[in-house]
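Both complexes shown next keep chain A, but they swap its partner, so chain B is in the first and chain C is in the second.
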Partner chain A sequence: MNHDNNPFSGGRILKMLFLAAVTVAVVYPVLWVVKMALTPSQGFDASASPLPSNPDLSNFVYLFKETDFLRWLLNSSVVSATTTLLGVFLACTAAYALSRFRFPLRASAMMMFLIQQMFPGVLMMVPLYIIVDNLGLLDQLLGLTLVYATTAIPFCVWMLKGYFDTIPRDLEEAALMDGATPAMIFWRIMLPLSLPAVAVTALFSFMTAWNEFILAAIFMNSSEHYTLPVGLKTMVGQFSTEWGHFAAGAILVSIPVVALFFALQKQLVGGLTAGGVKG
Partner chain B sequence: MASVQLEKVFKRFGDNAVVRDVNLDIEDGDFVVLVGPSGCGKSTTLRMIAGLEEISEGNLKIGGKVVNNLSPRDRDVAMVFQSYALYPHMTVRENISFGLKLRKMDAAEIDARVKNASGILGLDEYLERKPKALSGGQRQRVAMGRAIVRQPAVFLFDEPLSNLDAKLRVQMRAEIAKLHQQLGITTIYVTHDQVEAMTLAKHIVVMSMGLVQQVGAPLELYRRPANLFVAGFIGSPAMNFFDVEVKEEGGVPVMKGEGVSVRVPERFRSLLGEKGRKLVLGVRPEHMHEATEGETDVVVGTVDVLEPLGAEVHALGKVAGSDLTARLEPDTKVQVGDTVRIGVALDELHIFDRSTGRSLLEGVS
Partner chain C sequence: MNRAATSFVAGAAVATLAFLTLAHFENRSEARQFQERRVEVMARALGFAQVQESLREDDAAEGLAQRFAEALPKAVPGVERAFLLKRNKYLAHSDPELADQRLDSESLTDKVLFDQGRKLEAEVKNNDEERERNHSLGERNAYPEVVVAQAPDGSVSVAVPVKEDGQFRAMARVTARPEEVPTRFPVRVPLFGVALMVLFALVGGRLKGYALVVGGTGLTVGLVLAQAWAYRDWQDEVRADHAQRMVATLGQLGQAGLLELAVEPEGAAALPVALAQRPDGVAAPDLKMVKSATVAGDVPDTLRFDADGVAVYYARGFLAPGAAGGRGLTIWSIGFALIAGGLFILGALGLLRRAGDAAVTHRNAYAYMSPAMVGMLVLVFIPVIYGISLGFQEKQYGAFQFVGLDNFIGILSDFDVSRPENFYFKLGVTVLWTVSNVTLHVSIGLFLALMLNDQFLKAKGIFRVLLIIPWAVPNYITALIWKGMFHKQFGAFNLALEAMGFEPVAWFNSFWPAFFTNLSTNTWLGFPFMMVVSLGALQSIPTDLYEAAIVDGASRWQRFRNITLPLLMPALVPAVIVGTVWTFNMFNIIYLVSGGAPNGATDILITDAFRWAFERDKYGYAAAYSTVIFVILVVFTTITNRITGATKGAFE
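And now, the complex of A and B:
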């Protein structure tokens, strides 16, 4: 670490300039989206300024009044929340078993999870379509939820197993001596200690479901079953695109993810440093 | 409180037997220390008693009842781990009371027990802290507190002091001894530190390579080690060993080796068997002194290192091929490089058969 006391030293100013430049590069496009969202379609000025000249909320009003936006928001929320709960619960229990118990095909199971992750999702499209169709779940939120949960689980299992592996066995043995059953050990020792990893997997599962477009577009046929990404895509018209509406929708879509990030921030940062020192 | 018996207990990992034919009879209220070098199977034995490791063969009885197939939680034993194994997400109070809560004890009783334990261990100020905000010694106490509040039939300790610095180790050792006096709970304690074993134990079990070498009170093991292994392991600095054979000299049997000539004391003569038998003579450093002119029972060696400790001086060197450690008076004139004649105390000799390693003096008072 460089303890530079003079705030105006050359090196320090250079560093500041660099950081400022990077910040502008990152924030500028986001501001532009905000500008688009706040500018009525007619009055759009293409100047370089990221500030809207006469802002109003007409694009947002349009979304809520003239489209199924609320319906899609609800669909997305239900699908994402269920995916997260189902994915995290199944991943936790599977990862714990894979981390702590020895059973036949254990190593192969881990390998299968990994191999599945290696193929691009599109490759799974046709088989998934057939399976979901056979289950009679096409154009239903439940079908989509199942698909999302199964695609999120392999990553979550690897992530959680890696984390469980770092928790000393002594802790579980101490709990065993204290009179805990394996289930109590899992719920009262392992899970609380794994919160950072659980937070990461929860966020990952949520975003998998929240942002996914291709599968949702293929499985969902009726507008009332669209998720947000699919719904928003309908605004990108064949001949003209209502960028204002699209931008407003994009902002609304990103709010829950950002909120979740902030809510889990403490755990996430903890997740990066935990495991460094134990005991 | 309860007695503990191990009857012909084996532990195998695959084909590898790491604990072999262990028989122990531990009385109610005893303090037994399992001691031995790294990898000799001490922890494995302890973990079998705890129920954390399955018993491959033989019986384990606690309070007279075979408990081989009981899970740890039904054995009424508490264990203190080398790593302390405190639950990092719980406060000291929660750590200590976790086991009681699991047993659905009522809150008032839990409070009373936690209070009592924290009083004994001096943890009152720290009850609401998390383990990471404690020093090593304090964590150690919390680990003990967790065991005490359970009021178990048996305490198990696996090298509980090995992560502490030397001073704290001595202090905690005294506290563990005091605790045992106060509570009187049957205790089985694993360590590889023979000083800990000597100071804490009512009975010591010396193990090596999965086998029990000897069981006895600390001073019994010190005075009459049953074999070369125990002789070399118990006592610090360790016993000196010299290869010798018995020869007649002027009608008296004398143990002779390179640089060694020591008469066989009268009372041991009948035990040594035929002449020419290959033996090992054992002499503890504290039973050696600088020989006077006329003294004949001596070893002759060279001094390579002198370690002045204030109250005594340890002279390290060689007698022919064997290592020599002798405890000398603090005002000794011996210098590094000197050839010295070291006298041995005839009453304190140890004599072993070289091929079996067994002591020939077993049963001699």
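And now, the complex of A and C:
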């Protein structure tokens, strides 16, 4: 709204200083975690400086050599990747149907997806535990994957449906004229056109699985089946916390998500605003 | 056979199938409860031996607990380990080499054992305090005082406290492989059902009009009644079977000289026996030594249970089928009736047929919907319906009993807001939490978005990227880090305060500072979402609108008020609704940062529901709590949707 176009006007300099101050304040805790990760001692570092005094990588070495970290990383990767594939596939097909077909119970189905977001997770935990147990999937990565994929679906369906709605129908009608089947339209036209929204959907499915803590903690009994959040939590004990190891782990866990966020930030802005409603 | 008759038969078949599925689940959960109880009885017996040993100072008592622990695996097949643990030292262990040894502080499994002991000790203490504070509890426990763990190989471990004079002394823990219990199945029901269905299929095809409806109703009602009755009988049978197996386990202990059991056949009337009651509910909080026990019916041998030194512990509801007052029509049989009745009505109205026709006409749409719907059905809707139904039940004698609206009345009719566990107090805290968070998220996010939405601003890409970081970092990590930053001695906040010459603050000792820790953590991770949404909306506002406004001489505020805000609303309103629902249910931050400190005051509804379920062991109450939360949210979104029309376009 500043309509002078001099990047170095007084107002802009002030603005930049302010933004710089806010950014430093926001990033400070992150820098501080980096410092703890690079500091060999396990105490909670007391100094306010965000720079480590004697940086080394011993905390990272410890994680890989002395703990099951690599195992947890593998588990989380498998669970998150499968959840993403499954969640996106299920959400895409459902969103396509909701956006392009008119059929009985369509409005109820959409309402269900909307309302499902409001169920307190606690209400689901005990029944989910019993059902997963009865399916024989307790303490197994597959059980966790199925649960994550289905909990990620409603949000993804709403977002994708909003995006599909913005794609003009003329394209499909033209394709229909040329003899394309609905399946071909879905795979060859809709999906390629909505890649930005699909990417954001994938990001959210991935985050659901990568960051989820409570269900994983309840479902997984054995250390070799832990996912990263559960594994990391074992380092924050009731009586003492290995802060250096925890910080190192926290950084390794955050890197993939932060990287994905940065890679997809353009789509994030578009994908979140396109549909109007993301209930 | 005409279509209506087919619908009736299909309805009956689905109802029967549903019944069998539920019976199967119920069978498994009964079997598991039995296994847990069986191991718990042994753990309590071991604890009791320890109490006897410390009470009596003669030679015979010396080493009683150790002898008991060593004998357990020999006497009862399947027992793998039994021990008494005081802090980090074994008082007795089934492996004689470990008796008197200490835990290995490096071992992960030993750490788990130590933590279990601490948990039990804390629960005993909390129960005492809770009873002191809340007299309506009477002798009951607010916390379960028992830790059950199931290993991947199927073995069950149960740990219970050993108490002397009401004080926690040690933990008794027994691990055993489950006893094989043959699956019992109410085969009569499906057989009866199939016979009825075949009969109806033969006859029903010739019926028309009223005769058809009456016949179909008869079929459905008959089936539902048969299911309800068979289910009850079957459940009694399963329980009687478990009771006998339990007595057999006690008998094994008896034959090893650990127990002597007296069973005097006195007929079925004597079946409800209170050998001793588990302290999770109804009567005696402490176990009593029982001199004799009466078990009726077909338990073959008479065993004398000499209580000198050892006792039998068993929950009444378990040993005696129906002792808890006969279950009669359970929630399940009501469920079957509803399913069958619903299908009957659908069939009668010809809706099933129409649904079938619709499925054919719109087969493409349903084909695309079905994968997601199947997943949602199994892992979302069934759990939710089951969860809501748990709200009408409560665990008594180790099994869920139908209690009607008791849980809901208990939650909603308590107006003593001075206690932090009170629902209305929690609701107030939750509303305060949600409103303050969403306000901060929106104002900070919008403010930053307005600053960043300036095409001539240098380095705005860098600012935008860095300001998204809090959203990208997993929130449980954020929570744990911020908890560390609020540490009284070493946290960054207190260090900064001290550097500026202020007194350090004990953040988690009183309500407002603790609330502030949660609020600041959640603000940090929450504003980027609003910023990104606002930024996206701002970028789509055409600049010529502003130019025209400037030409017309509009002030900066007028431009914001009349152009920016109205055009932001369509994107911002849904984001605020979603943000409100997320914040309302923001479990991780509250649970991990303040943990409800002080004394549960900063807990919000969702974390308190979690505590009711997993820390106070009241699943029914927790489920009712969650249902209330859910209703609040649905009402909130419905109203805001009506007012703002946020989702209107989406349904078209």
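A few points about this structure:
By our rule, the second predicted complex is superposed on the first by the 249 of 279 C-alpha atoms of A that agree within 3 Å, B and C clash if a C-alpha of one lies under 4 Å from a C-alpha of the other, contacts with A are read in each partner's own complex, and residues count from 1 in each chain.
The rule is short, and it goes like this: a residue touches a chain if its C-beta (ideal position, glycine included) is under 8 Å from a C-beta of that chain, and two chains touch if they have at least 3 such contacts.
This structure is a prediction, so every number in the text was calculated from the model and none was measured.
Chain B and chain C, once both complexes are superposed via chain A, fit side by side.
Of the two partner chains placed by the overlay, only chain B lies in contact with A:P168; chain C stays clear of it.
In the overlay built on the shared chain, the residue A:N54 is in contact with neither chain B nor chain C. Looking at the shared chain after the overlay, A:F119 reaches chain C, while chain B stays out of its contact range. In the superposed pair of complexes, A:Q265 makes contact with chain C only, with no contact to chain B. In the superposition on chain A, A:D178 makes contact with chain B only, while chain C stays out of contact range. In the superposition on chain A, A:V27 makes contact with chain C only, not with chain B. In the superposed model, A:L128 makes contact with chain C only, not with chain B. Of the two partners chain B and chain C, more chain A residues are in touch with C.
In the superposition on chain A, no contact is made by A:S108 with either chain B or chain C. Of all C-alpha pairs spanning chain B and chain C in the superposed arrangement, the closest lie 14 Å apart. In the superposition on chain A, the residues of chain A contacted by chain B and by chain C overlap at 279.
Across the complex, chain A meets chain C through its residues 1-7, 12, 15-16, 18-20, 22-23, 26-27, 29-30, 32-33, 43-48, 89-91, 93-94, 96-98, 101-104, 106-107, 109-110, 112, 114-128, 130-131, 134, 139, 146-147, 149-151, 153-154, 157-158, 161-162, 165, 182, 186, 207, 210-211, 213-214, 221-223, 229, 232-233, 236, 238, 241, 243, 246-247, 250, 253-254, 257-258, 260-262, 265, 268-270, 272-273, 275-279. For chain C in complex with chain A, the touching residues are 24-25, 28-29, 108, 115, 118, 150-152, 355, 358, 362, 364-366, 368-369, 371-373, 375-376, 378-384, 386-388, 390, 448, 450-454, 456-459, 463-478, 480-482, 484-485, 487, 490-492, 495-496, 499, 524, 532-533, 535-537, 539-540, 546-547, 550, 556, 559-560, 564, 570-571, 574-575, 577-578, 581, 585, 587-588, 605-606, 609-610, 613-614, 619, 622-623, 625-627, 629-630, 633-634, 637, 646-647, 649-651. Interface residues of chain A facing chain B in the complex, by the touch rule stated above, are 168, 170-171, 173-181, 184, 189, 192-193, 279.
On the side of chain B, the complex with chain A involves touching residues 50-52, 71-73, 77-79, 81, 83-89, 98-99, 102-103, 146, 150.
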